[in-house]
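A, B, C, D, E and F are the chain letters, set down in written order, and residue numbers restart from 1 in every chain.
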Amino acid sequence: MGLQQPPALVRRPRFSFQPHDPLRYKPVDTLELLRLNLLSPMVLAFVLGIVATLVHSDLKFPEALYTSLSIYLLLSIGLKGGAELSTTPLTALWKPALATLALGIFTPVASYALLRRWGRFSVADAAALAAHYGSVSAVTFIAAITFMQALGEPVEGFMPTLVAMLEVPAIVIALLIARRGMSGTGSLSEAIHEIFAGRSILLLAGGLFIGFLSGKKGLEQIAPVFVDSFRGVLVLFLLEMGMVAAKRLRDLSKVGFFLLAFGVVMPVFQGMLGVGLGSLAGLSLGGATVLGTMAASASYIAAPAAVRIALPQANPSLYLTAALGITFPFNLALGIPLYYAISRWLHATAS
Amino acid sequence: MGLQQPPALVRRPRFSFQPHDPLRYKPVDTLELLRLNLLSPMVLAFVLGIVATLVHSDLKFPEALYTSLSIYLLLSIGLKGGAELSTTPLTALWKPALATLALGIFTPVASYALLRRWGRFSVADAAALAAHYGSVSAVTFIAAITFMQALGEPVEGFMPTLVAMLEVPAIVIALLIARRGMSGTGSLSEAIHEIFAGRSILLLAGGLFIGFLSGKKGLEQIAPVFVDSFRGVLVLFLLEMGMVAAKRLRDLSKVGFFLLAFGVVMPVFQGMLGVGLGSLAGLSLGGATVLGTMAASASYIAAPAAVRIALPQANPSLYLTAALGITFPFNLALGIPLYYAISRWLHATAS
Amino acid sequence: MGLQQPPALVRRPRFSFQPHDPLRYKPVDTLELLRLNLLSPMVLAFVLGIVATLVHSDLKFPEALYTSLSIYLLLSIGLKGGAELSTTPLTALWKPALATLALGIFTPVASYALLRRWGRFSVADAAALAAHYGSVSAVTFIAAITFMQALGEPVEGFMPTLVAMLEVPAIVIALLIARRGMSGTGSLSEAIHEIFAGRSILLLAGGLFIGFLSGKKGLEQIAPVFVDSFRGVLVLFLLEMGMVAAKRLRDLSKVGFFLLAFGVVMPVFQGMLGVGLGSLAGLSLGGATVLGTMAASASYIAAPAAVRIALPQANPSLYLTAALGITFPFNLALGIPLYYAISRWLHATAS
Amino acid sequence: MDGSAPLDMHTVTLKLLTIVAEAVLEDRLIRDLKRLGAKGYTLTEVRGEGSRGVRSSEWEGKNIRLESVVSPLVAERILSHLAEAYFPHYAVIAYLENVEVVRGEKYT
Amino acid sequence: MDGSAPLDMHTVTLKLLTIVAEAVLEDRLIRDLKRLGAKGYTLTEVRGEGSRGVRSSEWEGKNIRLESVVSPLVAERILSHLAEAYFPHYAVIAYLENVEVVRGEKYT
Amino acid sequence: MDGSAPLDMHTVTLKLLTIVAEAVLEDRLIRDLKRLGAKGYTLTEVRGEGSRGVRSSEWEGKNIRLESVVSPLVAERILSHLAEAYFPHYAVIAYLENVEVVRGEKYT
């Protein structure tokens, strides 16, 4: 770290999703994968957050800190993706983009049907849940990227573009379904503006744009903050997320068994679909894993804000508890390694 | 810092304004300079901030984040300057210091005369504007330093000292002019205390002091935070500045054409003056550029606070819109490369 | 950044309390030690904070920043200690743990007796002060660790464990003493919950746990944030602490001469005791210094919260001014080098 | 002097309308207030608990408190609108007090 | 129209109880409020100064302001409890106002 | 029981003075309040909008709300001072309410 630093070949490059991580090694079996994930500082920090809430600790993240960390994480992901994009042929993008759009259209419809038919939810509640599960959770995406990095598994640089593309359509579709099925809903146009101008899309897309225009040289200048510090900041953020998720767990009894099962089964189904479509679209092992995770994740930033405005009849306890209290921890702890295992299996049989 | 990084000679030393930046190369023409500046992550982040406001995004920096970033930036600049000063002969300082004082006395008087005579502003408004344009914007200064670093252009280590010296006199002079020309103004002594004990001077001077006393070895201990992370933090800060500046742009119609022109022409005039005086005082190419930028910049932290207290009759819309909405973006995007081009021309003809 | 990093002698390892600091050298005499401490950026930042308050500067840390920094510092200390613990034989721990418990029991009793007998304080005030001086200040501990690092003096990795162990007993004992000596006190159980679930213990213990489970490889992933940035963040934190301490100094006249003397003499006595017991328990020179500093320090996070709830009759001016305004600055500036000198003397005579 | 005695200084008696609502409604409520005749407002970020449970974080949804000094007529107009547009589905409470305002004409 | 005239809209007159207290009491005060019959509350983080000096930072101890719309009976019950349990040793101020509440039945 | 009925508990009726002003005035307003007889105050950081436009960020200038429980006499004294020293050039609004205060003697 000093001035006289010796030959630097081994240094992790700062701006790449294709990490040549010195820690990298490919674990062979799924149990080992799981252990690796569960004992990572990120997942452990999430567990600590849960514990903090369970023991009623007075530990509380200032809201300004939470907001600052999320601004940082979104911008950082965008910047790195953009810098990567600046050296990627854009022709590689269209197939995965189509796969993403397909996911964004199909999954909310499937969720809605399931929740109405078998779950007997009201139109408003079913549509609200469909919006959340069709959209994507940026933090889960980030966790997947980070896990791939820890495994030394290359991931396409344009993935953040896909996140921006997956975030919107499902919410719009779910809201449209709700309109058809009921009257007296809130303002759809306001809700759509809320999503497009929402900070998650703005920061992701803005970061992509800055990273793309200023290129790898530009990113290099700001790498100590936006690249090197990424995982450490993620640890802090997941500590907070643990506290939030644990608070949600208190409402678990209110949401009923069906939603509990839905919160675990639906991600697995959507995750498999995502891995499959991603692989078909030519994504690498790591890329397909990440797309699967994206499909499996439930939004809890963009969707709740839009749904609260456009569908005030829906009960926030239901969608927040399912997305934050059930699906997020599930994906973080078990889902991601599972989608990776599936992707590995797919890619092994394919080649 | 990168993968292909050669023997470590090229590593940017962490505590120096004389960067041996691996990215360094001297662009030959002014257009190239402009492109380099406009596509830097810092300027692009500023643009993203403007866009965020224009699309009415819900992205909002917590006030605590804004304050924290500005504390960091000011302290960091002070620390680096101080560590540099600890190995600089102080005799090099007096001529540039005189040049700075001359700027601090002449520019507010010139602005005031211009605004009264040709702009037909009231005494209070003219004096308020003169205070802002005579003083200095720390962030513009920081942007200039960063641009010089990106070009590999050495800058004297004592520049932050000059910032502290330029900040105060213009405000005091402008307030004194206003006193002479009107009655019923606020408390001058309170306003002066406001400036001296204001956080920008305190952090800059305090940082200089700490950096000077603890020296380069001291700075080395805290370099990962205060040196390596500097540009990344600046990107975050400029994102916020873009949002603030764009909000100001909404008042543009209210300020009138004269002030709009003043906000662009006056910086250029003061910038040329600063570059010229700086070069006469023996500053290097980079140093003269930075002094020019300082002269060209309009304060928007120290001056507004002092003016609001001592000159409540002045209309804040005028001075805030001019300083933040017009002059700051102009300097950031076009001014700094322009002053650099002027300085290069001056130094080329001189040698 | 990597494990297999080639000739690494010059690199400061990121996750160790046994620093091979490139800056390291062992000063020979105590004056030199003092100079080294007083001119470190950390102590100078503390001084700057005092100055900021004395000149009534408008510099103010947002509360969210203060809270964020303290979360970071506590978690970071825990993480590094935990990673270190993961390669330490736990048998080395029991003797120092016993010494720590002995300190946690003896020092509050001694303080209480002294304050009642000679200081003529009320039961409530004496017990409140005893709780503070018997417990430990995490920031003082961190300053001691950092000073040892700057000297290149190895420190045992399990020290944060001892901090968690020292924090609690003294507060409980002091509150029990108060119960015996008076009626109408607040809820003891609430106070005890307040300590155990308090964020300082939670973050320290949680960090230890994460660091231990994820090991040095885990820490390596988040080292840029939690290891490299540590001292820089500490500088920011101590700047804020200086402002807080200086505000306390305004109450100095109210606390009386006895408490003033107590705030300086008691730490020295407890510090010697801590160094002595630590050395007896087999701690290294650096470890004994740090344990001495811990014993010498007065809590100002955990203790005030617990005491305010369980002993509302006690006057907060007294204990806050003594702990924050007198003892903290004393330890930071003079105490730590003094305990180090004592420890060196002890270890020199022992060997 | 009785505590509730009128003041010598010239003040006008107006209504202080206080609305505590979930933060997601901020823009809409402000727009409505202005449209219905309020000349200004003061906004505070708050937390709270009521029939819809605790509201204190980003996800539970924080609350805002909007206060506006208005004429009785405007107060009534706003309250009717709130009752219709927000009470059914959103977490909202609203109440009025009488306040004596200096320069009261500014606010009617 | 007189500023203090009653409204056409159906409102109920209730008490708005405001408590400003040191932040360390937050959990306890909320527990007490609920136990004594309050149906909700709104909490603001504030600073202040009074007989116990300035209270504005982490260590001086910040203050909170708790506001609750309650029936007069509940108001009285809470005030008595405060006077007994907190006034002697803690920094607290409490006062009542009359407020006209829409949907007032919800809060009694 | 009528909502506005007096309480059994011993309370004193005093004035609650509320001032919302631009934050730059904080120190000066507090100094003035104390000088004119206020025994304490509670301060909240707020945002707002009025005749001088939106005030919500560092540069637009945030607002503060100062609340002080005072005797009618002191209230009047403070209002007169505000009207003279601040109303002409600064963004300020001020109003009074009647409040029933426990331990009211402390604040007069």
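Simple rule for what comes next: a contact is a pair of C-beta atoms (placed from the backbone, for glycine too) under 8 Å apart; a residue touches a chain by one contact, two chains touch by 3 or more.
None of the values given here were measured: they were computed from a predicted structure.
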item: Any chain that touches chain E and chain D; value: F
item: Both-way neighbours, i.e. chains that touch chain C and touch chain B; value: A
item: Farthest chain relative to chain E (centres taken as mean CA coordinates); value: B
item: Farthest chain (mean CA position) relative to chain F; value: A
item: Approximate Å spacing (C-alpha centroids) for the pair chain A, chain F; value: 47
item: Between chain F and chain E, distance of the C-alpha-averaged centres to the nearest whole Å; value: 17
item: Whole-Å gap separating chain A and chain B, where each centre is the average of the chain's CA atoms; value: 39
item: Where chain D touches two or more other chains at once, by residue number; value: 14, 44, 97-98
item: For chain A, residues contacting two or more additional chains; value: 1-2, 4-7, 11, 62-65, 67, 224, 229, 305
item: Touching pairs among all chains present in the structure; value: A-B, A-C, A-D, B-C, B-F, C-E, D-E, D-F, E-F
item: Interfacial residue positions of chain D with respect to chain A in the complex; value: 22, 24, 28, 53, 57-62, 88-90
item: Chain B contact footprint on chain C (complex, rising order); value: 23, 39-41, 44-45, 48, 51-52, 55-65, 150, 224, 228-229, 231-233, 235-236, 239
item: Touching residues on chain F, where the partner in the complex is chain E; value: 1-5, 7-9, 11, 14, 16, 30, 39-44, 69, 97-103, 106-107
item: Touch list for chain C against partner chain A, complex; value: 1-8, 10-12, 14, 22, 62-65, 67-68, 71-72, 75, 79, 193-194, 196-199, 202-203, 206, 209-210, 213-215, 217-226, 228-229, 305
item: Chain E residues within the chain F interface of the complex; value: 12-15, 18, 20, 44-51, 56, 63, 65, 71-73, 75-76, 79-80, 82-83, 87, 93-98, 104
